[in-house]
Structure formats: C-alpha cells, structure tokens
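What follows is chain A paired twice: with chain B in the first complex and chain C in the second.
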Partner chain A sequence: MAESRGMFFKSAVVASYALMLAPVVMVIIISFFRQEIISFPPEGLTMQWYVNAWERREFARGFVTSLQVAAIATAIGVPLGTAAAYALARAKLPGREAISTLLLGPLAVPGVVAGTALYMFYLRAETWLDQDITATLSGLVAAHVLLTIPWTVRLVTASLQGMDRSAEEAAANLGARPPTVFMRVTLPMLRPGVVAAALFSFIQSFENLELTLLLVGPGRTTLPVAMLSYLEFRMDPTLAAVATVQILLVTAMMLITDRFVRLSRVI
Partner chain B sequence: MAALVLPAALLVFTLLVAPMALLARISLNHYSPTELMVEAFTAENYIRAVADPYYQQVLATTLGVAFLCTVLTVLLGFPAAYWLARMESNRKSIATILTLLPLLVGNVVRSAGWMALLGNEGGINAALRALHLTSGPLQLLYTPGAVIVGITAVVLPYMVLTLAAVIESIPRQAEEAAANLGATASTVFRRVVLPLSLPGVAAGSVLVFILCMNAYATPLLLGGPQFKMMAPAVYDQFVRGNNWPFGAALAFILLVATLVLTVIGSMALSRRYRG
Partner chain C sequence: MSTLVLDRLRKRYDRTTAVERVDLTAKQGELVALLGPSGCGKTTTLRMVAGFIAPTDGRVLIGDRDVTQVPVHLRNTGMVFQAYALFQHMTVAQNVAFGLEMRRVERAEREKRVAEALRLVRLDHLADRMPRQLSGGQQQRVALARALVVNPAVFLLDEPLSNLDAKLRAEVRMEIRALQQRLGLTTLIVTHDQEEALTMADRLVVMERGRVRQIGTPEELYENPADVFVASFVGNCNLVAGTLERPGSFRTQSGTLLPCTSEAPAANDGLVLALRPERVTVTPGEGAPGDIRAQVTAVTYLGAQTEYHLDLNGTTLRASRSTPLHDDPLRRIAPGEKLTLSWDAASARLLPAETETGDET
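Coming up: the complex of A and B.
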C-alpha cells in the first residue's frame, strides 16, 4: 500500500516535469531535423534551418525589434520601478497599499484586456496628437515598460525587506547626505535584486505576446508575434530553429541571474 | 523621497488605468456596420454577448477548460512542488531553473513544441507506431484535449512554484513528529502537509485559473478553427470584426467572470482552511 502510494507520488512528479519540459525539448530536437515536413525518425541532422530562419526577414527583424524593445523598456522601467519600491519601503506614504496595488496591477490584469485597452487608447491618442503610436518603436516600448514595473517593484521590494539597515544608518551618522547614502550604500546592497529585476523584465518583454499583438504593424513585428502568425499556418524546423534561439537566450539570462540571486529564493 | 513613486505610478495610471476606463466607455457605444463606432450609452453589447448562443458556448468552453486545467494543475503540481520544496539545496537550484525555464520561454514556443509532439507525424504518434500500438495516426492536434494538455503544461510551473514556497515554510519537524507518533505517510499528508499548504493551494489555484481563463496562444494554435475560447474571441473583434464596442464588452465580460469566480473560489477555500 505504502509502496503504491510512493509510486503514485513519483509518477505525478515525472508527469509534471514531462508536461512542462517535453514541448521545450521537442522544439530543440526538431530544429536539427533534415526533412522540412516534421516526421520521425529524422532523415538526418542539419543546421540549415538556422540559416533559413535568419534569411526570413520577419524573423530576423522580429528578433532585432524584440531585443531593442526589451532593452529600452528594461532601461526605463527598472530605474522607475526601483525608485518606486524604495519610496514604498522607506517613505511615509499616504495610501501606500493603494499605490502598491496600482504598481502591481499590470500583473493582475489579463494581457488580453490590457492589450485591447491599450490599443484603443493608442488609437485615441493618435487622433489627439496627430502622430503615429501603434506600430512605432516608442509605442511598443511604452507598453513593455508597463510589463517591467510590477516585476521590478516585486523583486526590489523583496531585497529591501531583507536588508540590514545598520549600514545606511552608520553612513548617515557619519554625515553622508540621503542621496549619497542611497547611491553609495543602499543601491550597492540592492544590486542582486535590481539585476534580477532587469533580467526578468527583459525576459517578460522579450516573450510577451498578448499586450503586443495589436500594437505591431507591417514592418515592425516582435519575434513572438512573428512566430504566432507563422504557426497559424504551419509548424516546421525553421520555426523550431527560431524558437530554439529564444530558448537559448532565456536560458542564458536565467543562468546569469542565478549567479546574482538564488532564483529559488526570489520567485 | 515620497516623490520617487510618482513616475512609475503615473506611467501605470496612464497606460493601464486610463486605457481600461476608455475601454469600459467604448463598450457602451453603438456599432453600425457603415459608420463603425457611434457614440452612445447603451448596454446592447453586453446583452448581445450574454444572449447570443455562440458566445454562451465560447464562455462555457472557457470556463470548463479553466476549471479542468486548474484541478489537473493542483493534482499534478502538488507532488512536484513537494519534491522541489524538500530537495537538497545544491540540486534545488537546477530544479528551480528547470521549473522556471518553460514558464519564461513563452507560450508561443511551448505551443510550437506541442504541435511537433501532437501532430499526425509528430513525436507521440511516431512513438505509438514504433511500439505497434496504433496502425494509423491518432488525431491529437486540433482537439479540445490538446488545448487542455497545452494549457495545463503552460500554467503548471506557476502552481509548482507557488506551492513549493508554501511547503518549504512547513517545518520538516512537524512531519517527522507526526510520523514518529505512528502516523502513516498518508495520514501525515492528510493531517499535516495538506492543511498547512492550503493557503498555497488557494493562491496557486487563483493565479492559474486567471491564466487559464485568459489563455490566448494555446487555444488558438492547438485547438483548431472550431474550438473557440474567450481571449481569441475578444481579439477577433478588434482584428477581423472591427466591432470595437462589442469586443470591449466581451473583454469586460471575461474580466468580470474571472474576477467573480476567483473571489468566490478563494472565499470558499479560505473558509475550509479556517474550519
């Protein structure tokens, strides 16, 4: 009896991880298959699809756009989110709870609702300002900054809570002014949290689909949107190669993050 | 120092709160095929969405899939979370990365993986044929089952990580004490581990249910043309239909249905937890 329960437990663990990892592993395997139509076993292995993928303009440009958007959105969102987290933790703020809920809001509102709302808002703003916003880099970046704020606030708040304040107090007692204390003491101590926030923000932006879907236009598409439009017609090794590049990028960023903060502690 | 919160708060207000207020306003407008959107103050879009059998079916499908996937996720995720939470620290880092990786590579990549696994010439059919279990290909892709498996896999990491955090906070000694006093493994689970991790089950289920209700890429790519869930239906109104007021009403129905069920569900779970 106890034996069979142990078996049930083990098979549930194996089934969970198989469900989570099988599709990711499968994409990587398929990207090396020689034949264009997916079938098993492979007729041989090749790297040709990676060249193919890069030569398809929608993927190459989507990749570059996604990198640009993620990098700029992270560069804007992480400082804003860090400043907000610091103020929330240290300043006497009226309505702190409400502000904190507002800042975490982009995580709570479903991407579909936020995405359509933002699309309508952009169209309205275009009429007011007489300027293109949808399908521009700035329009995409603004939307993605929204994604980076809640992650930054969450991760930096967690580091602020775990921080020993005596070093800050010592610096202040020795005559350092508040901005100096922040730049020379607090910020260096927050580094793991800020780095984790930056990497998470980058990944969230890079892989985002729902918020982005209506904001792209011809000639300016992000990689996930380009992949989705392709997949609505077919799945083949070229797409698998593109997806594998995304998997490698995310894995690399996670491993770097893990060196700064133990991922098992921040999530 | 308090002013430091302003830029981020203003940004979220401008790009999230204001757009949602605008979307709410648009949902009360009138749609005419010739003039598209006409300024009005009417509930007709909501009434049409609730009364139309097609959208009733779409909402019912969405609710059914979300419930089923949430239950499956709890059943599968609990053992995995326990395993992860009670792991030695140096291996735990690798296991955490393996749990997070599928979550962070994105839904589109994972849907592509399922398409490669479930297709007629895909991995699973090839394995079944090689084992002589089937003669022809089974239709796995473009079925409701594919969507349920796909969504469960997508949300499972969230459940595992949420539960693992809670299980980790349960002292091992509590389990050991119960076992030393003669409780069997299943009694320890039922009387110690499960009651103490119910807040995690509640939090994880709420998070997962919201994600399931709003799943977009997975039903679109794995469900085939006949299978419709709410999120793709909302986008259809904006991309193909151009009926913005109706699309906005659908988006709010989805949001409200998700919120109401989430609140009811977490209240029911927390009452059980207290009792």
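Coming up: the complex of A and C.
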C-alpha cells in the first residue's frame, strides 16, 4: 500500500516536470528542424536557423538592448528595493502596509495595462518636459525598474524577516555606528536574498514583453519585441533558435548564481 | 572597568510597566546576577544598561559617566547574547577583531590582542574557522572573547548558559566566573536559573513582575529571604501559613504548633513560616512527649539526597538530608511510618503573607 502510494507520488512528480519542461525541450528540438513549416517527422536537421538569426541584425541588436536594459534596471532597482524592504521591516513608518502594497503593485497589474498607462504618462510627460521619453533607453529602463522593485522587496523582506537581530545588536555593542552595522553585518546576512533578487529582476526585465511593447522605438527594440515582430511576418524555426539561446543564457545564469547562493534556500 | 550604577531605572510600555524602579550599585569587579522568572524585567534591565532600550525614567551610570542618553555603540559595554549572535560570515578571528576594528586599533596591535583573547578562552587553534563549524560551547567562548577583547567598562551576559547542555553549563559557569575574577570585570548577568545565580554571583537581584524583591549576597538571600517570593524562588523552602501564638511558637492554619524564635514582621496576622527542608532533622520513632511528630507521606530518593514528605496533623512539611547509610534505620522508613522532627528554632523565618504568592517550590 505504502509502496504503491510512493509510486503514485513519484509518477506525479515526473509527470509535472515533464509537463513543465516539454515546451522548452520542444523549442530546442524544433530549432534544428530543416523544414520551414513545423511538422513531424523532421525532413532533416540543420543549423540554418541559427545562421539566419545571426544574420538578421534585429535579433543581435535586440539582444544587446535587452541586456543593457536588464542590467541597468537591475542595478537601479535592486538597491532601491533593498532599501525599501529594509525601511519597511525596520523603521516604524506610518502607513507601512500601504507602502508595501504599493511597492508590490506592479506584480498585480497586468503588464499590458501597466505598459499602456506608462505610455500615456510618458506622452504627457514629454509635452511637459519637452523631451523624448518614449522610445528612449532611459524611458525603457525606468519602466523596467518597476519590474525589478517588487521582486526585490519581496525576496529581501523574506530574508529580513527570517534574520536574527542579535548579530546586529552585537555589532552595535562592539562600537559599530548604524551605517557600519548595516554594511558590515546586515547586508552580508542579506546577501542570498539580494543576489536572488538581482537574478530574478534581471530575468524579469530581460524577457519582458507586455510592458515593453509600447515603449520601444524603431532601432531600439528589446529581444522579445524583436521576436514578436518577426513572428508577424514569418513562422519559421528562427524564433526557436533565438529562444534556445535565451533559454541557455538564463539557465547558465541560474546555475552560476546557485554556485554562490543556494537559491533553494532563499525562494 | 568601572562601577555600574542604576539609579531609579524604570521602563513603561503603553499600559504595562516592564521595570518598576531598579536601584543598584555594582562595585568595580563585582558580579551581580539579575534573577527572576521570565517576564520579570531582568532582560529589559540589562538591555537598558547596554543601550538597546531607552528607560522611561532614571539613569544608568558607568564609572562616573551618565550614559542614559549615550547610544549603544559609544557605551563600551561588552555583551554576550543568549544565542551568541556571532557574525556567521566572518571567521572566529574576524569576529573577535570586530570591536577592535571599530575602535581603530592598528593592525599589529589588533592581531596581538585577538590572539591573546582567543588564548584566554582556549580557542587559539580555531581562529580561522567559521562559526558554524564550531560546537555550541566553542561558539559561546568566541562570544566571550569577542566581548572581552575590547576591555569593556561593564561586562553584560544575557542568559549565557541557557543554550548549553547541563554538563557543559557547569563547566562554562566556572570558566566565566574565573575569567571575570581574573580580569576584575564589573559584570551584570541575567539568569532565571537560581543555581547559576547562587554559584556565580557576588550579589543577586531577585526580580518579579518588574519589581526588585531583594538584593543581597547568595547567603543573605538564602538565609534571610525578605519575602515569600524570594524564599521560594531561591532554593527550596517550606512555606507554612499561620500566626504567631506567642514568642517562640507559631500556630499553623491546621493548628499545629511549631517552634520559631525569629523576629516577626510588623503585622502579626497573616504570617508565613519559612523553613528550609535541610534544616529539619528527622529521627525515626515517636520520640518523647512534647516532640514534634509527623507521618511520612512519601520518600523521594535523589541519590546524594533523600527527601521526606511529612504530614503534621494537616500541615505538610518537607525535610531533606544526605541519604542515610545502609545500616541507618532511616534508610528503611516507608510512607505511613512516624518520625520525630526537630530544628533550630532560630532558622525558621517569619515572613509577611502575600496575597498572590508563588509558594510552589
């Protein structure tokens, strides 16, 4: 009885993993199919879609733009989010609940809605400030910072809540001023949370489509937007090739991060 | 190293008073224990000395300096936390060096003092380990070294032994006391363990619900408890309610007369006789007329000690003595048998009765 139940759970686990990984595996396989219209069985295997992806410069450019945006947005959003999480956890702020809900807000609003709202806001701001905002890198980065903050606040808050305050008190007792306590003790203790927050922020920003869609300009699209535009005209496995590269990149980042911080312990 | 003075120290939260008013002077090199059940305000008091909690009223003086308004990092106290609070991302040596670094002690001097401090707690061979690689007792010693290396004016210990197992606890207790005496550190230790307090402290402060019940040496507290709470919290004690029949004779509520020559507190009605179990001598047999007789209700063998639960016509008493030898008739005493009791009438203390007492010992 116990054994059959064990078997049942094992197969359930295997089935759920299969279900989650199947699309990913399919994408990777399809990227090597020779025929343009996807069908089984493949007529043969080829690398031509990778070559095509490389030759169509919009993908390479989109890739670079995406990396840029994700890196800058993470570099801005993670420190901001960490500071916010610290303040929310430690300072006796009036309206703490409200601020916390506000910071997590972007997670609750559908990306397309937030994107449209931002687009309209940017247009207004452009006329007030007499300056381009939509279709600029800074406009895009600003929008993506909104994606990184909720993730950071969530992950860092979780770390802060599980943290024993007495090490910080010990540092103060040994003569450390509050900023020193933060830099020398609190931050190192929060490191796993902050690293995980940076990773997730980066991925969120890198693969974001909905929020980005209205905010990019010609010649400055991100990779997901470039892929979408390609899809409007062609349906060949080039996209699968691009996606495969993207999957490999994200996997590599996760593995590398996991070497430094056990992600399973943080999330 | 300095004296420590708590001057009418008080801490109120919205509705409740955590610490009612503590007056205490710890002399240079003295070890004072704050003793009491959980929630009695002892930890709050210690944290007010360290500066983690701001008192509502009163002052904290270290040496001659009023530090009540001084922030934690400028107070120069050395604190050992209950769960050690080591910096998990630093090595043992880095942990110990932290306080010196904050004091801008130059590197060569710092390394010398860290090595010295680690030698003091016999951990010099583990300087490069990370805290999580050490046992509980070793982590405790790192915490001690870290607090001591900065030459604190006052040494503060918050339940330092509560995370250690019983055997280690006795060992570390001795070690802390020896260190403290050797370095002449003015020390405040918080504990709920009366044995720990009695064996380590020069003086004890017994607290209950934010109030100081009594301050005194272990001997004073044990021999001369000020009230029923102290008598029951420090050591074991028989507490029998009754009245003073006439000088030298105490009448229990069930009517038994017990000898007692100690002085009665002002109010005669509502007294409690406090008598330590080991002061009661038990002899087998009925004794002579006029002797105090009791029936044995239970005998508890505790190894070195044996405890006798006795009934004196409705008044219960406990007596304890070192376990009698095999050929001693007392060894064969069983429940239901009769014993004769005696004690020095001066060793039975009279205390004012309390409305709410914790006379469960």
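In this section, the second predicted complex is superposed on the first by the 233 of 267 C-alpha atoms of A that agree within 3 Å, B and C clash if a C-alpha of one lies under 4 Å from a C-alpha of the other, contacts with A are read in each partner's own complex, and residues count from 1 in each chain.
In the analysis below, contacts are C-beta pairs under 8 Å (C-beta built on N, C-alpha and C of every residue); 3 or more make two chains touch, one makes a residue touch a chain.
The structure displayed is predicted, hence computed values, not measured ones.
Visitor: Check chain A with both chain B and chain C modelled on it and let me know: fit or clash.
Guide: Partners fit side by side after overlay.
Visitor: Name the chain, either chain B or chain C, that contacts more residues of chain A.
Guide: The partner with more contacted residues on chain A is B.
Visitor: Can A:173 be said to touch chain B (first), chain C (second), both, or neither?
Guide: A:173 contacts chain C only, not chain B.
Visitor: Here's one for you: vertex at chain A, rays to chain B and chain C, all C-alpha centres; what's the angle to the nearest 10 degrees?
Guide: Between the chain B and chain C centres, as viewed from chain A, the angle is 100 degrees.
Visitor: Answer with first, second, both or neither: which of chain B and chain C does A:156 touch in the superposed model?
Guide: neither
Visitor: Taking the superposition as given, does A:228 touch the first partner, chain B, the second, chain C, both, or neither?
Guide: A:228: touches chain B, not chain C.
Visitor: Quick one: classify A:141 as touching chain B (first), chain C (second), both or neither.
Guide: Neither partner.
Visitor: Could you tell me if A:116 is touching chain B, chain C, both of them or neither one (first, second, both, neither)?
Guide: first
Visitor: Let me test your reading of the model: by the given contact rule, A:194 touches which partner, first (chain B), second (chain C), both or neither?
Guide: After superposing on A, A:194 lies clear of both chain B and chain C.
Visitor: If we overlay the two complexes on their shared chain A, which of chain B and chain C does A:214 touch? Say first, second, both or neither.
Guide: first
Visitor: Minimum CA distance, chain B versus chain C, superposed model, integer angstrom?
Guide: 16
Visitor: Can you list the residues of chain A that touch chain B in one structure and chain C in the other?
Guide: Of chain A, residues 178 contact chain B in one complex and chain C in the other.
Visitor: For a test of understanding, state which residues of chain A touch chain B in their complex under the given definition.
Guide: It is residues 2, 5-6, 8-10, 12-13, 15-17, 19-27, 30, 37-41, 80-81, 83-84, 86-88, 90-93, 99, 102-103, 105-106, 108-121, 124, 142-143, 145-146, 149, 153, 178, 203, 207-210, 213-214, 224, 227-228, 231-232, 235, 239-240, 243, 246-247, 250-251, 254-255, 258, 262-264, 267 of chain A that touch chain B.
Visitor: What part of chain B is in contact with chain A in the complex they form?
Guide: Chain B reaches chain A through residues 1-5, 7-9, 11-13, 15-20, 22-23, 26, 75-80, 82-83, 92-93, 96-102, 104-117, 119, 121-123, 126-127, 130, 149, 152-153, 156-157, 160-161, 165, 184-186, 210, 213-214, 216-217, 220-221, 230-231, 234-235, 238-239, 244, 247-248, 251-252, 254-255, 258.
Visitor: Sort out for me which residues of chain A touch chain C in the complex.
Guide: For this pair, the touching residues of chain A are 164, 166-167, 169-178, 180, 184-185, 188-189, 191.
Visitor: In their shared complex, at which residues does chain C touch chain A?
Guide: Listed in rising order, the residues are 50, 52, 72-79, 81-83, 85-89, 98-99, 102-103, 143, 146-147, 150.
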